[in-house]
Every structure is written in structure tokens, then in C-alpha cells.
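Okay, so chain A shows up in both of these, paired with chain B first and chain C after.
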Partner chain A sequence: MPALPAGISVTEIDIPHKVRPEKPRSRLFNLAKLSLALLVAWLVLPLLPLALWSFSRSWYFPDLLPSDYSWRAWEYALSSTSGVPQAILRTILIAVATTILSVIVGVPAGRALGLYQFRGKALIEVLVLAPMVIPGIAVALGLHVVFLKLGLAGSLIGVMIVHLIPTLPYMILVMAGVFANYNPAAESQARSLGASALKAFYYITLPAILPGILIGSIFVFLVSWSQYILTLLIGGGRVITLPLLLFNFATSGRNDITGAIGMIYILPGIVLLLFAARYLSGRNMSAGNLGQI
Partner chain B sequence: MTQVMLKELAKIYNGSIAPAVSSLSLTLESGSLTALLGPSGCGKSTILKMIAGLLPPSSGDILFDGTSILRKRPEQRGAAMVFQDHLLFPYMNIADNIGFGLKMQRLPKSEIQSRVGKMMELVQLGGFNARKPSALSGGQQQRAALARALVTRPKILLLDEPFSNLDANLRIEMRELLRTLQQEMAITTLFVTHDQEEAVVLSDRIALLLGGELRQYDTASALYAQPNDEEIARFFGGRNFISGTSREGRFECSIGTFTLGGNYRGRVGKLTFRPENVRIGDDSQAENSFDALVLSKIFLGTQTRIRLAAGGEEFDATINPEDALNLEENMTVRVRLPKQSLWVLP
Partner chain C sequence: MSERWKITLLLFPALFIIGGLFLGGLVFGLAGSLGYMPLIGLTDWSLDAYHRILSSDSFYLSFVVTFYIAFTSTLISGCLALGAALMLRQTFAGRSVINFLFQINLSVPHLVGAVGILYLFSQSGVFARLAFEFNMISKPADFPAMIYDPLSIGIILQYVWKEVPFIGLILLANLQTIGTNYEAVARTLGASHWQTFRYVLLPLLLPGLLSASMIVFAFTFGAYEIPALLGQNYPTALPVLAYQAFTNVNLGSRPEAMAMAMIIALMSGLMIIGYARLARRYIRD
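For the complex of A and B:
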């Protein structure tokens, strides 16, 4: 989760230092450091074999390290014959389109849930959360029939639409949190000073909710990027994305190519995580507001 | 300079039975400052929002210089609002905040700059151009909000309790500033407040609103001296109400017969007079004099309040603390009610 860097500052554990003098405090501090190290290890260590595999020519049991190294897995993965570059572009296209669609739907929905009281609000909140609880495959099987009739099955657009199922809850929840702390009177103020509804949104609302939109977009992009089952079912094997390709190579036993694709696969997550940590943490409370509803 | 007329304006919110505002008719003279006075929750803000176009009225009409503006969108009305929270836009500096309305009017940059600059001098914010709103004090923020509305030269300036978040001294300063600027620029202004003192100090006329209804629309001194009914009198600090009958310039009650200052055409009801107009210890045989018993004495700071009883009625007088020094409880004093200060409630 992109919000992680903020949470990592375990060193700021609140200790009533009047009650506890220096010594126990520093011991606790060391404990915090230790748990931080464990957390980093838990996140990074599993990736090491993947990286080693991608550079290995031969690596057999019971060797601890590969006996021979080479670039061939990377060369193959980056060549057009493997289909990986095309799949990367396709996956990016789907993830970006899904993100844009989720912003268009999620911002108004989040505003309604965050700002207004209306009948049936609790029910709608549950329905919004439902895709996070109900397995996507259950929904997708039913949707497949509908998509077939609409001619959306097996198409890029069909995959983009079905990706909204697991991603929209993230966008709506983030935006509801943002709008819960938002004062719509600022828009009234702008209107009374001569701004049209559109200009009031552009000059007043957008700057206030932009950090939330970025955080929501990061969630949506990553969830769409890593979608497997929904893409497979609705895409019908005709829309090949990176996770599909990765799964193909993983099941065919090509550990070196799987390693190389795997490294590419985790790249957006790391990049976006660093971006969020650098530019978004602390600037806006949006991520913290996730827990508000 | 715009004359603003509200015609039988009413608002009933969805799902509520009682109207928030019921059939309000009010004419705001061009360039005047009117205080919309009433307790909280009496529909004052609703009226402002309807004039600004932020809320559609259920019925009635709003006219600017005789033309209905109901079909105009908020941004076309020229009704600038100032809210209780300054609502400065946090992402813009002070100059951009104040210039926002002019930017929306697509004025050239040079004109925006010069008008914003002049306005900032007027509200004593010169040199604060590049500051962010959060770097200003509460009073400065509210001055910037006022400047932001005034600089657009609105047809009507709508103020929704703009100073109620400020401390007492600052509030007095802001009132003076607002009054000066409003008169200089001659902008028709509607000022919502629940503070009776603020309404009296600030306005040309006061529209008193109780329970969503306009009860009296008059100058402050008329509201004090000639209230329409007992509730209005009480709202303005009236404490003395004596039952009786008035006929031909006289009022008969259990205390005696009083000579009135005006002709009240046989109103039957209550005589009222302000505590500060009661004269004690004149020791005269002049008209409207009588003996009263001192019941209690309360020191209020600048004044002392004396509770008096006569003819089975009780009433209050407020006098100078020095004059009250020689008054004791259970003492009998000579009391005079000057006839100009007497008012019979209709």
C-alpha cells in the first residue's frame, strides 16, 4: 500500500516520558528499529530469488546460488517475440483507462457519500464496499453472460469496464474521506464572486481534492495492473496483459523468464510507492481518512 | 447603487412542514445598510442564500432595481457574500484571493492589480499580497474576505454574521471599517446578525425577524421606543409592561393616570417605557409623578438597576450608580415617567 512510508515511522511511538525515564525508552526505540528491519526484510527478501532467477543460466538444487549467469532471460523478455512489450503497453492502456473512468465515477460518488446525508446511504456504503469482500470471480461469471450479449466480451473496453469492479471501491472510499473534510461553502463563496459552476470546480474544488484523486488513482492503477482472473474471464484469452503472460511463463517452468517479467511487473508498484512517499504523504490527510467510513 | 426588493419571499425546505421563511416583503433602499436581526435558526441565512442565488425560493420574487433576478444564476447576480468563516481560498495568496472576482469578470491583469492594491490599502492589508490566508490573523482574514467581496463592486453586499468569530475589540473595529467602506462605496448592504447591539450600531434600518417572519422594519431608535408588540420590546431589552387602558392621550392603570406624549386612539393594552427613562428622586409634583417602593438594587457596572413597585405593579429603572448610592431597599421614592418616553403597545 502506498500509505506505508508514513506508517513506517515507528520511531514516533508515543511514550509518556515523565513516567518512563531514558533507559526503557531507548530499549523500546531499539525494538522499533528491529521491527522496522524485520518488516523491510519481509517485503524485500522474497524478491531476491526472483531477481537471481532472471539473471541465471543454470540454477539447480541444492545450490544456494545459480552456477552460471546470463542476460538471455532479459533479452528474451524485452524482445517483441516474447509479446512482453506489447503486453506492457496493453496493461498500461487498460490501467490508465480504468483510472480515468474511476475518477469520473468515483469523485461524484465520493462527494455524495462524504458530504450529504440521504435515505439509504448506509446501504449504498455497503454496496460500494461489497466488491472488496465478494470474490471478483463470482461477479465476473455472471457478468460474462451480459458482456457476451453486449459484445463486450473479449474486447479491450470490456476488460476496462470489468476492472472498475475491484477498483472503484478504493477511489470512492478515498474521495469520500476527502469530501468528509471538505467545506462546500467555498464553492458558494466562489459562485457569489462571479465564478460559474465549472470555474468554481476548477479553481476551488479541484485544488482541494487533487491529492485525494492522486492517491485514489495510484490504488486504482495498481489494482488494475495486477488484475488476473477478471482479465482472463472477460478478455477470453484475447486480451493479453502482463499478469496473464507472467502466469503463462510461471506455469511452463521458465523460472528465468518468469523472474525477468516478475521484476518488470513489480516496477510500477515501487515507482508509485516512492512517488506517494515523496509528494503525497503529509500533504493531505486523504490516506488517513480511509478509515473514516 | 441598487434598490433591492423582496416580494412575499418564502422558503419551505424539502421534508419540513414549517416554512424557514414565510412571505417576507422588504425593500432595501439603494446604498443603505440594513441589519437582518433575529435569534439563530430564524431563517436569516436562508434569505441571504436566496438573494445570492444559492438556494431557490419556494415562492415570491426578488427584484434588483425593479427587475426580477430569480432566473439569473448566482454568478450573474452581482450579490457578493461574506460568510462567518472567512472562506479564503487556501491555495491562493491574499492578492489572488481578493482579485478572484475580478479575474472571473475577465478584467485585464493591470486593472485587477491596481484595484486589488487600492482595496488592500483600504482594509489595511497593504504589503500582504504574497501571504497565504493561513499566515493571517483572524481579523486580517475577515478583512481580506470583506475586501474580496467589495472589490467586485457588487450590486448588493450580503454579510452572514461576518464578525461573530472575532473577539469583542476586533468586532468593534471591523464594524467601523465596514460602515466606512459601505458608505464610501454606497453599496446596498444586508447584514445578518443575532447581536442586537451590532444591528443598532451598524445599520440604517433593522429588519427584525422572529420565527421566519418579519415583525418590524424600522430604524433602531424606533425599535427601542415604539416596538410593535411586547415580544419585540423584550427582544430590545424592554422590561416594563403595565396593563391598563388608554383614552384621549391618557393611560389609566392601577398606579394612576398618566399623560401620554401622543395620541393612541383608544388602544387597550400595555404601557411600556424604557428603564433608562425612569426618573427617580425628582421630588416634584410634575405630571406623571408618583410614589414607589424600592424592592432591590443591582449594580451593573456603568449603571445600577432599581426594581420598583407601585399600585401592585413592578417595574425597573436604570440610573447612574452615583445617584443610586442613597437609595436603600424598602425606601419610598418619588418616580416620574416623562410623557415622551411612554409608549402604548398596539
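For the complex of A and C:
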């Protein structure tokens, strides 16, 4: 805020009423409030039929609600014949492996980008940002041939590796933000007092950056969890994750089972969001990044 | 160890992965689109694939449909997000609940939203049933087609559903940084509510709004699973067309698939350049 003495904001200056009488919060405000409520209802609305379908036994047109309820879809979805439990484990395994890899690779890169100024930094930042924006299909068609040659196509490891493309940028950007507000002086003080590099990292650096690593990991986990086209192309239909099953059931018209799988599929995201809410207020820029899942 | 070495070492693994996988994928895709795919016996460089897609109706129609979907979704999401962010900044009873609900679908994958839209808007969906209940239709087929439809309404609804909170939260973060002082000054100088918004707040928010919109445009232009689930068969969205060409039993159509992938990459690349320019100007200000 230029031209104002420090510590005084304009809002604190007493404005005489004659200058501009404050209108009472008008009908317009109520109208806006109503539209906001409608918008928020709309944001939750698509999840409701999924939940209802998962508990329905029969729900034919034109019934507004199911005529009969049952646990049938859930029993089927949770039985091993449906392939869903295996797919859940596989999806978790891929997401966890991707998260660990992205921590190992992303934390050092975030440190470089957050702590130092150097030539070519802007270019590297664009390079880091690009995989978040360039759609997976544009990259995966070219990679497919290479992965075939390396024997990675159709394998779990191949899918884990390719998931690094959309996830790694999230980890790097979160960590760059963390390191931008980090003072490395404490590390050198610890070193000068005789701590080894490893000890200095464990006792000084790690506690300071751990919340950032946690937030970055949540992003990475969820972005990997929601990948569809990369898994389909590189997994070649042999690595069946939860979204692939969900898509198949949705196109085969089994609405009840689709509903149950859909409910299972959104669970980690909502749990992690509740957990992350402690760190991310609604105003935090990085929360918005989740939108690209 | 000099600082430059340190930076190089810290960045090397990440750049190796992004360079190898991301740039590598793009380079191999480009080579493939130019007819060079030794693995399936194609070794002659040529522009044939581009000639073929640029002379086919289905490509043009797909491009137009995809552009229309991306542009419309981005525009609607941007406007709604702006309104929502301005409202969410106000204080009112129940704001924290609304705030939480506003964020909840950020963590819900696009695919789940697409299935939800399908169950809401298909001709036997919830809204068709409601229409029947109020005697507006007599059979499912009377309900206007919003899924697998030429106007891609279902796809656009899904994108708007997902992207309004995304853009909205970025705008809220910007509003937080901007504070209320500029507006207060404008008001004390006699500006009306509308003038304050139009000439003070909107110009301040515009860089954030535009850069968020570019991310959304790039995403909606290249997403596969939503148009694959909710879109019509012909003309289909470009990523779906590219996937179909790629998985065609005739391996000869793979260069065309890659040429389409390159065109998708080009469109989103343009968005990144725009984003980077805006970001730089924003930081400089």
C-alpha cells in the first residue's frame, strides 16, 4: 500500500456519513446470496444420485426415489469377483509409489527453485509447470512406443513412472513455496556446532519442511489416484485401476455398482481434504491446484 | 561446493524425469506424427499424417467441437467463479459451511463428476424424472438430450461443475492479497459500487482470472474421459478421436493419432506461454 503510513489502513480512517451513506444490505445482496447457495447446491448435486444408486435395488423411470433398497451393489463391489478390492489395492500402490518417488525427486528441486536465484530459472519454472497444463494424451502417445521397447508398457512400474509426469510438478511447486520462506542459516549453524550433514537435515531441515512435504504428498497422491488416460494408455488395459473399472461399469449401464465404486473412489479425496483443511485455509492458493485432478 | 554445482545437483533428478518423460514423450510424439516410428516399421519422414487429418472432415469437426466445449466451459466457469469469489469474501451466517462445500468437489475426480452428470441429465435421469413428475414430459425421449448431444451440454456442465471452485479459490486467494483498501479509497473518492468493481477490483483480479482460465482451457481441450463418457459419437472431441486413431487395428493410423496429439499439445502450449507472460507481468507489478 503506497502513500499511507505503516500500520494505518484506509478502512480505519473514519469516513463521515455525509460523504457516502452506507446503503443497507439490499435486496441485491440477498439475491446474490441465494445464487451462491444455488451454486453450492449445484456443486454437491451430482454426487447424490451416485450415492442413491449404490443403495438401490430397483429404481425405474419415472420413480423419483428407488422403489427398493439393498446392499447388493456394495456386497458385489467389495467381493473379490468384481475385481474392485484388487483394483483399490493396485491404485493405492501406484499412488503411494508415485508419492514416494516424487518426494525424493521433488524436494531437492523445490529447494533449488525456492532458495536460489540463478540464470535460466524462469525457463525451468515453465518446464516444471508445463506438465500440469499439457494434457496427458499429448505426451503418452509418444511415450507408449518407448515404454513398449523398454518393456514398461502394460506393467505396474510403467504406470507408476508415467504418473510422475502430472504429479511431480505439484510436489516441486509446493516445496519451492516452502523453501522460499525457509532460512537455511540454521543448517549451517548446526553444522558449525558439529552436526553431520545427515543430522542437520534430520533435526533442522526436515521438521521445518515436513508440513510442506505432507501437503505436497496429498496433492501427488490425489492426482495419481485420479489419472485415467495415462493409466489406460501405458497400462495397455492390463493395469486395471479404480477409475478404469468405474468407467467400464458406467458405460455398461450397471448404475448401482457404478454408484458404489464412485463412492469408494471419492472417499480418499474427501478424507484428505478434511485433513488438509487444517493446513490449507480456503484462501490458500495451493488448494486451488486440486482443481486439475 | 560452489553454489552453481549445488543447484545443478538439486535440480538434476527432477529435470531428468521431466525432460526424459515429458519432453521425451512430446519429441517421440512429434517424430511419430512425422512418420518416423521404427518400431512399427515406419522410417520415412513426411508430413502425410498432417495432410491426411487436415483434409478430413472428422478432424475439422472434432477441432471445432473441442474448441467450442473448452471455450464455453472456461467462459461460464470464469464468470461464475468471479461472482462466487466476490460473494464468499463477504461475511454472512454459515459462510464456513458454504466455504467448505465450495471446496469439496476439488478432490472429486472428473470421472465421478461425469457419472453424476450422466445420472442427473440423461433422458432417464433425475431431472427427466422430475419433469415427468410435473407432467412436463410423458416419456424419457421427450426430455431434451443433454448427454451424447450435438451441443455437448453434459460435458460443459461437468467442466463448469469442476472448474468453478478451482478458479474461485484462486480468485479468493488474490482477493485476500489485494485487500479492501483500494476499494475503500475508490469509494471515498465517490465511486459507486459498480465503478469500484469495474475500474478498481476487476483490473486487479484480471491477471489471476485469465491465468486460471488458461489452465482450465488447456485442460478442457485435452481431457479424454469426460467426452468419452458424455459425448456424442460423431463428431467426437479431439482427444477421443486421437485415442481412437491410436488404438485402431490399422497401425498405419498411428501417425495421425500423434499428429492430433501434437495439435492438442500446441493449443495447451499457447496457453502456457500466455500464462507465463501474465505471471511475469503480475509479479513485476
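Rule of thumb we're sticking to: the second predicted complex is superposed on the first by the 235 of 293 C-alpha atoms of A that agree within 3 Å, B and C clash if a C-alpha of one lies under 4 Å from a C-alpha of the other, contacts with A are read in each partner's own complex, and residues count from 1 in each chain.
Methods note: contacts are C-beta pairs under 8 Å (C-beta built on N, C-alpha and C of every residue); 3 or more make two chains touch, one makes a residue touch a chain.
In this text, all values refer to a predicted model and were calculated from it rather than measured experimentally.
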Pick one for A:103: touches chain B only (first), chain C only (second), both, or neither.
neither
Have a look at where A:183 lands relative to chain B and chain C in the superposition and call it first, second, both or neither.
first
Using the superposition on chain A described above, determine whether A:63 touches chain B (first), chain C (second), both, or neither.
second
Counting only touches as set out at the top, which of chain B and chain C does A:92 meet: first, second, both, neither?
neither
Between chain B and chain C, whom does A:148 touch in the aligned arrangement: first, second, both, or neither?
second
Is A:78 touching the first partner chain B, the second partner chain C, both, or neither of them?
neither
Could you say whether A:199 touches chain B, chain C, both of them, or neither, answering first, second, both or neither?
first
Dominant toucher of chain A (residue count), chain B or chain C:
C
Chain A residues touching chain C - in the complex, by the definition given at the top
1, 4, 9-11, 13, 15, 19-20, 29, 32-33, 35-37, 39-40, 42-50, 53, 61-64, 104-106, 108-109, 111-113, 116, 118, 122, 124, 126-146, 148-149, 161-162, 164-165, 168-169, 172, 222, 225-226, 228-229, 233, 243, 246-247, 250-251, 255, 258, 262, 265-266, 269-270, 272-273, 277, 282-285, 287-288, 290-293
In the complex with chain A, residue positions of chain B that touch it
49, 52-54, 73-75, 77-81, 83, 85, 87, 89-91, 100-101, 104-105, 148-149, 152, 158
Chain A-facing residues of chain C, complex:
3-4, 6-7, 9-11, 13-15, 17-19, 21-32, 37, 39, 80, 83-84, 87-88, 90, 92, 98-120, 124-126, 128-130, 132-133, 140, 158, 161-167, 169-170, 172-173, 176, 179-181, 184-185, 187-188, 190, 212, 214-216, 218-219, 221-225, 228-229, 239, 242-243, 246, 254, 257-258, 261-262, 264-265, 268-269, 271-272, 275-276, 280
Residue set of chain A touching chain B in the complex reads 183, 185-186, 188-196, 199, 203-204, 207-208
